[in-house]
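Structures are listed in the sections that come next.
Paired with subunit B in one complex and with subunit C in the other, subunit A is shared by the two complexes that follow.
Up next, the complex of A and B:
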């Protein structure tokens, strides 16, 4: 037990939480922006895979990790644009479109990997780039916080900045207002002159942008290679995190952090020799508990509102 | 309407001609090769796709060798991962004029046995299975993963207690498995026994990823092991295992590969990583397939029972590549070679976790708990 506490309160553990959280957070932000616009992008997992592969291939051929990152982002945005083109222009159902993206990505990445490297499993024969880790000058000297916050991959910091950026975009800018309006009631938005399709298209592009950063992190930061289906469901967990966060930016960030922590905890617990099957359930148990806590607090709020309303009624009558 | 109709007709014509041309050229080719010689016809059915750098690629290498050295007519068919498509493919192929039909994996075993019973005159080779039931015309092979893991464990333990640059004083080695299943635990038990044989008080940290395609998880688990004092990790986790090598590079620690020479596959692109993978525990699937077909030609192949390919049969082995030669000291290498001989001669017996009680496996795991 002592060992366990030692593990849980080590800086290494807190550091690993941020590291594990990053791809989930990117996917969750991608899910958030598309959901806000009322167009549910479930193609995040596929977009991440495509971006992960593009990053590896382009960085291997250009010799620069940054060119790789740029191309990865471009590929993600292109996938999102394609998805938007089919769903908004040709009215394909967005869920079907998303499924198509995921299936295409799972098979297509292996196919392209085979064309480029002659392998179908992993990109080990490509000399791909890795994005640098950042050691932040002042922060890294703070006793406990330093080793937790400093030394992460550059994309981990980008993900944190992206949370703030997305919050600002949604809450403070005209575009954000339009996105929210379109998501809540597209007909009403249209009636006041908002171009619904255009706003949804822009949201999808931003969604693809975030997902591609998550993908690039997987193959060029977290790991240094592409392997088939390497995202291993992180895109889906991102969508779940967005739902647990009730489509708010802060909530999404916190739930992504929670998922990251649960996953990191599941990894750390293995050292303690608890049964692996039990440990494997940790992330899901945490999710269920989080949802329960949320549901209880929510229903309490409602009850309070109801009783208040009733009180008012009785007073007025 | 007329336009549409003519377009349709044109398209149909194009389609039909394109198709027929394709089949006729394909047909020509096969008749040409048939006419040229009366060679043995060997087909390999891959229950998945090539390019896994492991099982399937190794089987394909064996097939190529058969083609080159035995002059056989060969063909490889990737059946994909959709299991419902395996049976029709199997039946199709069995009804054609192939002499030898090769495939492998526990999942394929039942299907292969039932098809083999229908086509008694053909020879079937199942290059990797653990199931004891074998049809009379099937040559089935199981690998002594326990023996090869024994060597891997001994290597790891000797490395951990050596004064190599990246080894630490703690007598602790690691194991990252794909899942807590008999196939993986067969490796684990051999690994633990091998390590204990050379260093009785060795500790083994064990993690299971629960997934074979999640290198991110593999990296996290190995980072934790390395940080807790482990200096070498044996990965038996497919794609997940590739994350172990990333962690090894991160932490400047050693790793051991599995199934194929995983150091060779990184060499040239990431030498730093390749040089940390001291060796790999290899199933010599290509050799097993080649030898089986060769024996069949000579008429000495015994079918109908499960063969065990161990060190004695040269069915398994450690990758003794340049990294192995350069990183490990001569003393360690002679010790390993000595163990190898003892295993091959049967002087050392390794337990097999296949069919072992779960509680017994757990007991073994607990005995080396760090």
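Up next, the complex of A and C:
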């Protein structure tokens, strides 16, 4: 137990929070941008998985991790484009479309992995690339903060920059305004000349872009290979993080950090020699509890508003 | 020849044909001997009594989870929790089958009931969260799948595991608990009767009772149902209870009917397939039978294909994704329906 407390308050633990937060944050940002446009992309989990595999295969064949990253992103955007095509053009129900993407990904990646490497479990036989870790010159010398913030995978920093970028995009650019308008009320947006379908399509593409970065991180940063179903629900946890973060960029970031901490805690708890099966459920339990607390407080707020409105009505009459 | 009112059926057929064509295209790319592989995929499932038996055996759990998901989808609940419940109910049923001694008649009944009731209670949690506070049931149910799997695996590894067995499997279940074989030469078990009865009961429930009406109303428009005096909170919770009961029954029946030890060290996947069955069945309880048989057929075909040829069975998930995308695509082939309607009305384009 002593050991455990020691670990919990070490810089290593804080470092690992950022490390495990990265894929969740990417997924949460993907969920955020699509939800802002009023189109719920639940295919994030599958998109991540496809991108993770694409990154491994293309980096193995090209010999460059950066080519792998590029192809991974491309694959994620293509998946998002397909999903967008079916939901916006053919009017496939968006939830079912997302389920289809996830189903395709969990079996399709194994299928392709087998064709490429002859193995159904992991890509051990492929010499795939790994994206570099960055040591930031000045920051790494600061005591305590240095070892926490420096030395992460390049995509971890990208995810942090992406938070700022997405905040700017949504709050300050014309596209962001259009996205928010479409999400708030598509008919009103259409009436002032916003092309709703196009905006939703663009949001889906950006959403796929973020998810694929998360996937690439999983197989080329977090681990250095692809394993079957390696995203392990992180796409879903990202969706939950977006909801708990009340669909704001900062809130989404903070709740992704919280889920990252839960994930890191689950890893740290393993030194207590508790059964791994039970500890593995921690991130999911935390997700359910956080969603519950969020939803209960939300519905209480609604009720309060309703009663206030009723009080006003009775007073005025 | 084609009537507009049959459009949905025609479209479902068209989707199945397209997906089969896509299967052939993929096989042609991947296989060294495409024609042989396609023949294996298409005809191996009906090549012998035991293979036909395999199809029916696989259709039984698919019918259970499909039926469970039909009820949820009908109420407009996107809950995919059947997966974890199916697994966990299997653990519960096998625990009773291992540790309780009873006469041969009551033993399976008790085990199945225990699994089903556990399923109902577990399913009620996301249901209550959704009905009372509008917690997203899709995310909670998927999280519950992972949680139930973790807890179930813990029980398997620490409580039920037989140290003398070679693999990670439980002690042998007592023979009195196992389900009887129905047709010699196959492994088709009495679970088939149970699932057919369940389907008929659910069909009656959905279309012939007041509750079923309330369920369908809540599904088409919850606010409207609420305004017209239906207690939608209650409806949603009841639907979750029944759906969990069915999924739990499916898991218990599968374990008692097909195995002598509990040995799932991964989620078996029947819960998610249930969503596909429900879609193919157009959320109609009776159609679940045909949809489950179709899915089981292409599954067995794919399994045989991976055994007898060089194409892995995971190919089937690509086909399944295409089926989901096209089946639920409202606009797909819509132009055809419009043309049919115009023709019937006697209007020339």
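Everything below uses one rule, namely that the second predicted complex is superposed on the first by the 267 of 317 C-alpha atoms of A that agree within 3 Å, B and C clash if a C-alpha of one lies under 4 Å from a C-alpha of the other, contacts with A are read in each partner's own complex, and residues count from 1 in each chain.
Methods note: a contact is a pair of C-beta atoms (placed from the backbone, for glycine too) under 8 Å apart; a residue touches a chain by one contact, two chains touch by 3 or more.
Predicted model only: the values in this text are computed from it and were never measured.
Colleague: Give one of first, second, both or neither to describe whether A:268 is in contact with subunit B, with subunit C, with both, or with none.
Modeller: After superposing on A, A:268 lies in contact with subunit B but is clear of subunit C.
Colleague: Just to be sure I read the superposition right, which of the two partners does A:190 touch: subunit B = first, subunit C = second, or both, or neither?
Modeller: In the superposition, A:190 touches no partner, neither subunit B nor subunit C.
Colleague: Give one of first, second, both or neither to describe whether A:140 is in contact with subunit B, with subunit C, with both, or with none.
Modeller: Touch status of A:140: no partner.
Colleague: Taking the superposition on A as described, I'd like to know which of subunit B and subunit C A:62 touches: first, second, both or neither.
Modeller: In the superposed model, A:62 contacts neither subunit B nor subunit C.
Colleague: May I ask you to decide whether A:222 touches subunit B, subunit C, both, or neither, giving the answer as first, second, both or neither?
Modeller: first
Colleague: Which holds for A:11: it touches subunit B only (first), subunit C only (second), both, or neither?
Modeller: neither
Colleague: Please work out whether A:247 is in contact with subunit B alone, subunit C alone, both, or neither, and reply first, second, both or neither.
Modeller: So A:247 meets neither subunit B nor subunit C here.
Colleague: For A:115, using the defined touch cut-off, is the partner it touches subunit B, subunit C, both, or neither? Pick first, second, both or neither.
Modeller: second
Colleague: Name the contact category of A:277: first (subunit B only), second (subunit C only), both, or neither.
Modeller: In the superposed model, A:277 contacts both subunit B and subunit C.
Colleague: On subunit A, what residues does subunit B touch that subunit C touches as well?
Modeller: 110, 114, 120, 232, 277, 280
Colleague: Please give the residue numbers of subunit B that touch subunit A in the complex, ascending.
Modeller: My answer: residues 49-54, 180, 205-208, 210-211, 213-217, 219-221, 223-225, 227-228, 239, 242-243, 246, 249, 265-266, 268-270, 365-366, 369-370.
Colleague: For a test of understanding, state which residues of subunit C touch subunit A in their complex under the given definition.
Modeller: Subunit C residues touching subunit A: 30, 78, 80, 129, 132-136, 138-140, 142-144, 146-147, 150-151, 153-154, 157-158, 272, 275-276, 279, 312, 314-318, 320-322, 324-326, 328-332.
Colleague: Under the definition above, what is the set of subunit A residues touching subunit C in their complex?
Modeller: Per the touch definition, subunit A meets subunit C at residues 42, 86, 89-93, 95-97, 99-101, 103-104, 106-108, 110-111, 114-115, 120, 232-233, 236-237, 239-240, 243, 275, 277-278, 280-281, 284-285, 287-288, 291-292, 295-296, 298-299.
Colleague: Name, in rising order, each residue of subunit A that touches subunit B in their complex.
Modeller: Residues in contact with subunit B: 12, 16, 19-20, 23, 110, 114, 118-122, 124-127, 218, 222-225, 227-230, 232, 234, 263-264, 267-268, 270-271, 273, 276-277, 280.
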